[in-house]
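Structures are listed in the sections that come next.
The following pair of complexes shares a single chain, chain A, combined with chain B in the former and chain C in the latter.
Now for the complex of A and B:
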């Protein structure tokens, strides 16, 4: 089971892709993924219901969030209504440790994304803020990374013993599936995704 | 610039009002420039002739932002438009556009912190029916060290 764990639709302020068009693109271009996770910026898209699209295109479409912390951007998988009450998803500069702890408490999991990116990635902030507690997984392959940003992420992950996932960070249709994550068993819900990540059996993939 | 302060002081307050007269030739020119070929957009003789959905994006008030909004001397950059048509706009219509700041939010990116200002113009026709909503998004980038 291969899922792109990082994508944005028009529900994000800078997203230019409709979810249906991601589905069409994946099938028309035979993108080798079985589904994708919508990680909208600074919000959780409670309103979006993509069950019909998932059924029609035989794809897994899950929802998550990308929030902003003092260590950069962080994907939160397994978001629940209760979790969205615990901190302001729309804020920038959220304390990463709090995001991690609250996520764990509510059955979710927080994954710093594009850590090699300047200003919004964890690598640069570790130099000034130190190594944060509680991180177990980071995004080591990001479809929007430039230059050596992914190499920096992978080096940090290796040094600190983090596992790595992959996601395209797609904002436009043609970028979906550039990077993804392979799981050994089917993942059909947000709960199963969290369980799969907690189980630790996954592999980051790139087709960039 | 604290976003919460800006929101408290400036959100939802009308800061501009302007009148616009919808001209059929302008409608055709705009439609053709967009690549439209449908007669309802390009032929004034068509019984359903009306403006393309994005036509109202060409209307601008006297101001894009409230006069006294404190942006530290920075000039906002265009960060995109969204047009939400509410009814068909016919030639000869007189529209009144009223503008307010609809949203202010911040985000971080490779270049650092950015503040986004969403200026919303609501266009009303002679019957005071809402004909269209046009959001103009502008961004102010924080310089390093600010």
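Now for the complex of A and C:
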């Protein structure tokens, strides 16, 4: 089971892709993924219902969030209504450790993304803020990475013992599936995704 | 290859790619015409004094390059909307590649949505965006 764990639709302020067109693109271009996770910026898209699209295109379509902390951007998988009451998803500069702890408490998991990126990635902030507690997984392959950003992420993960996932960070249709994560068993729901990440059996992939 | 009518277009079609002239002489020519003769665009050393890695192509020039690609592909089309997101500077005197691909079609409106990118030789996306093109 291969899922692109990081994508944005028109629900994000800088997203330009309709979810249906991601589905069409994956099938038309035979993109080798079984589904994708919508990680909208600074929000959780409660309104979006993609069950019919998932059925019509035989794809897994899950929802998550990308929030902003003092260590940079962080994907939160397994978001629940109760979790969205615990901190302001729209805020800038959330305390990362609190995001991690609240996520754990509500059955979710927080994953710093594109950590090698300047300003919005975790690597640079560790130099000034120290190593945060509670991180177990980071995004080591990001479809939008430039230069040595992925290499920096992978070096940090190796040094600190983090596992790595992959995601395209697609904002336009044709970028979906450039990076993804392989799981050993099917993942059909947000709950199963959290369980699969907690199990630690996954592999980051790239087709860039 | 150029297209003339909406019926010529299919979901997933690639627009003919091209490598735009992002050399200093051409950027200076554009900057002069656009009245944007600032060092950050027209002089590598001046740009470095402003904290940049070197001179960069003006954003409006990158957008114009993307618009030009669409008109090369569909000379009789109307460019209804073009929307660009600048992820990283397009550096002057570096080679770049402009790509477009059709990602949606509206038969009623006879429009095509096109994904647009400007990438460098390393394959890094420096500019991305979308356009809506109305076809005869």
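Throughout what follows, the second predicted complex is superposed on the first by the 208 of 208 C-alpha atoms of A that agree within 3 Å, B and C clash if a C-alpha of one lies under 4 Å from a C-alpha of the other, contacts with A are read in each partner's own complex, and residues count from 1 in each chain.
Basically, contacts are C-beta pairs under 8 Å (C-beta built on N, C-alpha and C of every residue); 3 or more make two chains touch, one makes a residue touch a chain.
If you're wondering where the values come from, they're calculated on a predicted model, not measured in any experiment.
Participant: Examine A:81 and indicate which partner it touches, taking first as chain B and second as chain C; both and neither are also allowed.
Facilitator: The answer is neither, since A:81 touches no partner chain.
Participant: State whether chain B or chain C is in contact with more residues of chain A in the superposed arrangement.
Facilitator: C
Participant: Of the two partner chains, chain B (first) and chain C (second), which one does A:68 touch, if any: first, second, both, or neither?
Facilitator: The answer is first: A:68 touches chain B but not chain C.
Participant: Between chain B and chain C, whom does A:161 touch in the aligned arrangement: first, second, both, or neither?
Facilitator: A:161 contacts neither chain B nor chain C.
Participant: Regarding the shared-chain residue A:130, is it in contact with chain B (first), chain C (second), both, or neither?
Facilitator: A:130: touches no partner chain.
Participant: Just chain B (first), just chain C (second), both, or neither: which does A:200 touch?
Facilitator: neither
Participant: So which bits of chain A does chain B touch that chain C touches too?
Facilitator: none
Participant: If you look only at chain C, which of its residues touch chain A in the complex?
Facilitator: It comes out as residues 11-12, 83, 85, 87-88, 101, 103-104, 113, 115-117, 122-125, 128-130.
Participant: Considering the complex alone, what residue numbers of chain A touch chain B?
Facilitator: Spelled out, the residues of chain A in touch with chain B are 13, 41-42, 68, 72-73, 90, 92, 117-120.
Participant: In their shared complex, at which residues does chain B touch chain A?
Facilitator: On the chain B side, the touching residues are 105-113, 116, 137.
Participant: In the complex formed with chain C, which residues of chain A make contact?
Facilitator: The contact residues of chain A facing chain C are 14, 16-18, 21, 24-25, 28-29, 144, 146-147, 171-175, 208.
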